[in-house]
Amino acid sequence: MSSVSLKELTKQYAGNGALSLDSVSLDVAHGEFICLVGPSGCGKTTALRMIAGLESVTSGEIEIGDRVVNDLAPRDRDIALVFQSYALYPHMTVFDNMSFGLKLRKVPKDEIKVAVTDAARILDLEQYLDRKPAQLSGGQRQRVALGRAIVRNPAAFLMDEPLSNLDAKLRVQTRAEIARLHHRLGATMIYVTHDQVEAMTMADRIAVINLGKLEQVGSPRELYDRPANQFVAGFIGSPSMNFVPMHVDSVDGGIRLVSGEGDLDITLDDNEMDMIRRAGVSDVVLGVRPEHIDHRERTGLGLQLRASVDVIEFLGNDEHVHLSSGSHELVAIVDARTPLTIGDSLTLSASSDAIHLFHPESGEALK
Amino acid sequence: MSKETPVGERKGAKLAKRLHVPKFALNVILGLVAVFWLVPTISLLVISLRPESLFGQSGWWKVFTAPSQLTFHNYATIFSQGFATGGVLDSLVTSLEITIPVTILVALISSLAAYSLVFGFWRGRDMIFLVIVGLMVVPLQVALIPVVQFYRELGNLFGLNPYGTIPGVIIFHVAFGLPFGIFLMRNFLSGIPKDLLEAGRIEGAGEWKIFYRIVLPLALPAIASLAIFQFIWVWNDLLVALVFLGGNVHTPLTIFLYDQTRSLAANYWIVSTGAVVSIFVPLVVFFSFQRYFVRGVLAGAVK
Amino acid sequence: MTSIAVEEPKVAAPRPSSGHGWFRRNWVSLAFLAPGVIWLLAIVVYPTIATIRFSLYNESATKFVGLHNFASVFSTDAILTAFKNNIVWVLIFPFFVTFIGLMVAVLTERIRWSTAFKTIIVMPIVFSTTASALVWRTIFDLDPHIGVVNAIEQTVSDWFSTPGAYPLNTAIGQTAATLASFNATGSTGGTIVSKSAIHPGGTVMMGLTRISSVTLQTLGATTPVAPQKMAGGISGLVWNDFSPSQTSNTTTIVSDEHGLPNLRLSLVSSTGSIVASTVTNSSGDFSFSHVAAGSYHVEIQASNFQNAFEGTFWLGSQSITPTNGLNQTAQSLLSVPLIDLAMIISYIWIWAGFAMVLIGAGLAALNREVLEAAEIDGATEWQKFRRVTIPMLAPVLTVVFVTMVINVLKVFDIILNMAPGSSQGPATTLALSIYNDGFTGGIHSGIASAIAVILFLLVVPIMLWNLKKIKG
């Protein structure tokens, strides 16, 4: 197991002005499970393939362990890659699929047998060793792809959206299995996905990438509690955070935030007022998560708002309520037992620590 | 290829070395292969463009050092013959007279049959398709003798013996083009959503109208592939033409060339010029419809 | 998985025909099918059955003869030769055409001008086999002024062993020794050596015969001059010792004889080493100056007699397999005529493009990621190719191979057009036999039909197998 380091990694495709990866720096610790998340096309898969050696590096460095691997062919980097489509050798049995890499490295036959049967046992594939991929289900094929990687005992595991081809139920199941696998092997794993739920549940740390740029890297809790910018705030958490643009008013030596129509009432604490003063902005974007808005009145610090109910989504224990407050649309999560009907006018509130403030132009969180 | 910064310079070089050196050798090798492949065609062209007298005296390749040898004289002679019977142009016309009707008939009948096999509702439909496709395996040699006889019977019964006539050749070619044609068209038509036809029926169109106005226009790409493949196949056929038109006054280009080879040394200028003419037409077809041709080749693996 | 698949129609399965109504409802649909079906029945189905019937009857189709025709087929030399040739074709052609198609399909992936290249390779399919046969016939022509191959062969052979001024005619069994006449004898390595030994200050005369007058004229030979003694050297004369006026005189120079110019000579010492060399002049005279004391022989070098380039008769029936000393039937069965090779080469030229297109499509359909996985697993380019690419291509390669086998079983017009008259017999194939036996000189149905049936039986199972492969 090794650490993996990306230093100012940049990728530009020839003849194309845009950078698919822009100066991304990231340090993955030895044995860490890190997720690269972001919307489609953000560059996360490109980054992974560059680490694997399947894409060339425009500038920057990739280190695996202590070696700079930019010049090394994929086979010399000591990594294993689990493809989204599994990429199993269709003409080989499961056993041969898993042992191919070892055979190429001239590992003696009995060692191969041990390694493969071990991996097969861990992944519950022992009875399928003689079958060909065409005879396996999606979930089984995915496990073979994992097995192929495990058998190699690489410095780092690279996984490219391995769950996206599975149905929902299998996905949840396999998610847990991969987490268990990580625990068991203590392996360095770099996992790419567009699904933030996968990232939140599996990763030690998450790196959020958007349009080739690294937006923020941190533990799931960090990203949830202290998103660095509006993008991360909106990406992490489902349903995503509510954003309301507000205007800054200086009043009585303090600061008030007003929305256009005046139906949102925010009382800022000193800390928040300082942040706004430091930023020197006259407008600000307010962020608050649906799960932090509840159906009761509050006095004092925090957010108060009056809204009418547009849509109610019943989810068993909770209800997702879509509201409109003036010209703003918000989502709140309330207890399902709350008596609500469409058209109702409600008063909702959120506490002061649930409030996030973002710079209106850069999107950066105010500090 | 990529924008290199000082940091990235070293890996660029290594990657390039992996690809560039072999790439040069590759280009050379493939270049030689391409030249080798073109030699026969070029030789034919050159021979046809050189005076007959030089043939046998100096190799055609000498023309590269003496380009003044090139002349259109042979072509002029051929074309001055005009459409006189037994000449190249006459054979060209005969080839067209055979190929074009065959192509049209095969395209039409195959489409009709395929339509029935895809959208028809009757028991045994799929079985009949399999049998028709199975007929693709029959080599046409097997049918020659009986068909000649069959033609003779027709002559006895109706006074019209197709043997030795162009229609006789056409009939034979169409028959052997149908299995493949039906196979191709049926494959294509089964990709057309049935709803389109339903919509037409609701609007009151009859089967023929639906076929003619809805299905046929949609099937044009497949028809193009079929037509090209069929055209070239019939244009280049020698055996069927020999059997049915062997002694005829008007013969297609393939027989024309074959006749000339019997007296090769004496008539080389005719042979080469005729060959170029015979190649010219399918070549034009090929280049104009390359995409369709390739598709036809892919499907034609069976033929 | 090939990209050639029969799709199942997206229409529902047909409703079972339910009595009277369905005919009225579906007559149009049946009418659409009718022309095709009738045509096929008349020209394909019925004739096939008829041919089978013909093969069991005599030539004029009046008497049932059972398998007699088939027995004749298997005992006629000409037809057995056809079988043999078909086997030769099947053994050589499909393999090489698939191989070349594969190589080309794989290599073109990497170059920029691949579209142009592919067009060049595919183009010959469009030419009629007749036209192609004619072109290749020219290429393989014996005369180096016509055939490219022989022209190249001549250039290469001339470069290695330039023809001498006096080429031997091996066709009539000439060797250097047979040319030796006066004071000359054939020696090792195709040389001619003087019988007498010479010392410095002496002269030597050597006479050769059977030199053609054309050669003498071309070389500008003049009347020979008797050699003069030369102090410290050796002088001599080599002349054509044949006088039309005094045919019996083989020892002295006669005025209507000619000297032999441009002969390369060596002076050989008593120990056998060559101490000097020279060339005769137009009257056949020569001299070696400053010769050390000793006894010498004059040697006429072998290179003088190097025969001219003979050419390879590619279009001929000369066998490349050893058949000497075998009886007639065995010979016809085991010999592989050179023209078969020539024709196979030209046929590969025509069809390699087809193989390339199909294999190229198969290559393009390959899952790139599987190859990347192999790279990560540690495979080199070659290992990737051999252990992943080729096995994954196996279905396509098989389809191509088998299609070519079927193609080659029916090969006909290339032989008709490429083989000169003398080679037609040795190069014949089954399809050609059907034509020859069935249609030349009237129409004979019996034997020709039998051959057709045999061809049918050979082709059908292979094609059915191929169809199944394509469907799956």
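Should a chain be cited, it is by its letter among A, B and C, assigned in written order, with residues numbered from 1 in that chain.
The criterion applied here is as follows: a residue touches a chain if its C-beta (ideal position, glycine included) is under 8 Å from a C-beta of that chain, and two chains touch if they have at least 3 such contacts.
Being a predicted model, the structure only gives us computed values, none of them experimental.
*Asks:* Among all chains, which one's averaged Cα position is nearest the averaged Cα position of every protein chain shown?
*Replies:* Per-chain C-alpha centroids compared to the overall one single out B.
*Asks:* Please name the chain that ends up farthest from chain A once chain centres are defined by their CA atoms averaged.
*Replies:* The chain lying farthest from chain A is C.
*Asks:* Return the distance between the CA-based centres of chain A and chain C, expressed in whole Å.
*Replies:* 67
*Asks:* Please work out the Cα centroid separation of chain B and chain C, and write it as a whole number of Å.
*Replies:* 28
*Asks:* Need the CA-centroid distance for the pair chain A / chain B, whole Å please.
*Replies:* 57
*Asks:* Would you pick out the residues of chain B that each touch at least 2 other chains?
*Replies:* Correct list: empty.
*Asks:* In chain A, what residues contact two or more other chains?
*Replies:* Within chain A, residues 73 contact more than one other chain.
*Asks:* Under the touch definition given earlier, write down the residues of chain A that touch chain C in their complex.
*Replies:* On the chain A side, the touching residues are 52-54, 73-75, 79-81, 83, 85, 87-92, 100-101, 104-105, 148, 152.
*Asks:* Mind listing the chain B positions that touch chain C in their complex?
*Replies:* By the definition above, chain B touches chain C via 23, 26-27, 29-30, 33-34, 37-41, 43-44, 47, 55-59, 61, 109-110, 112-113, 115-123, 125-126, 128, 132-139, 141-150, 171-172, 174-176, 178-179, 182, 186-187, 190-191, 193-194, 206-208, 211, 232, 235-239, 242-243, 246, 253-254, 257-258, 261, 264, 271-272, 275, 278-279, 282-283, 285-286, 290, 294, 297-299, 301-302.
*Asks:* Show which residues of chain C lie in contact with chain A when the two form their complex.
*Replies:* The contact residues of chain C facing chain A are 367, 369-370, 372-380, 383, 387-388, 391-392, 394.
*Asks:* Per the contact definition, I'd like the list of chain C residues that touch chain B in the complex.
*Replies:* Those in contact with chain B are residues 3-4, 6-12, 14-17, 22, 25-26, 28-30, 32-33, 35-37, 39-40, 42-48, 50-51, 54, 104, 107-108, 110-111, 117, 119-139, 143-146, 148, 151, 346, 349, 354, 357-358, 361, 399-400, 403, 409-410, 412-413, 416-417, 420, 431, 434-435, 438-439, 443, 445, 448-449, 452-453, 455-456, 459-460, 463-464, 466-467, 470.
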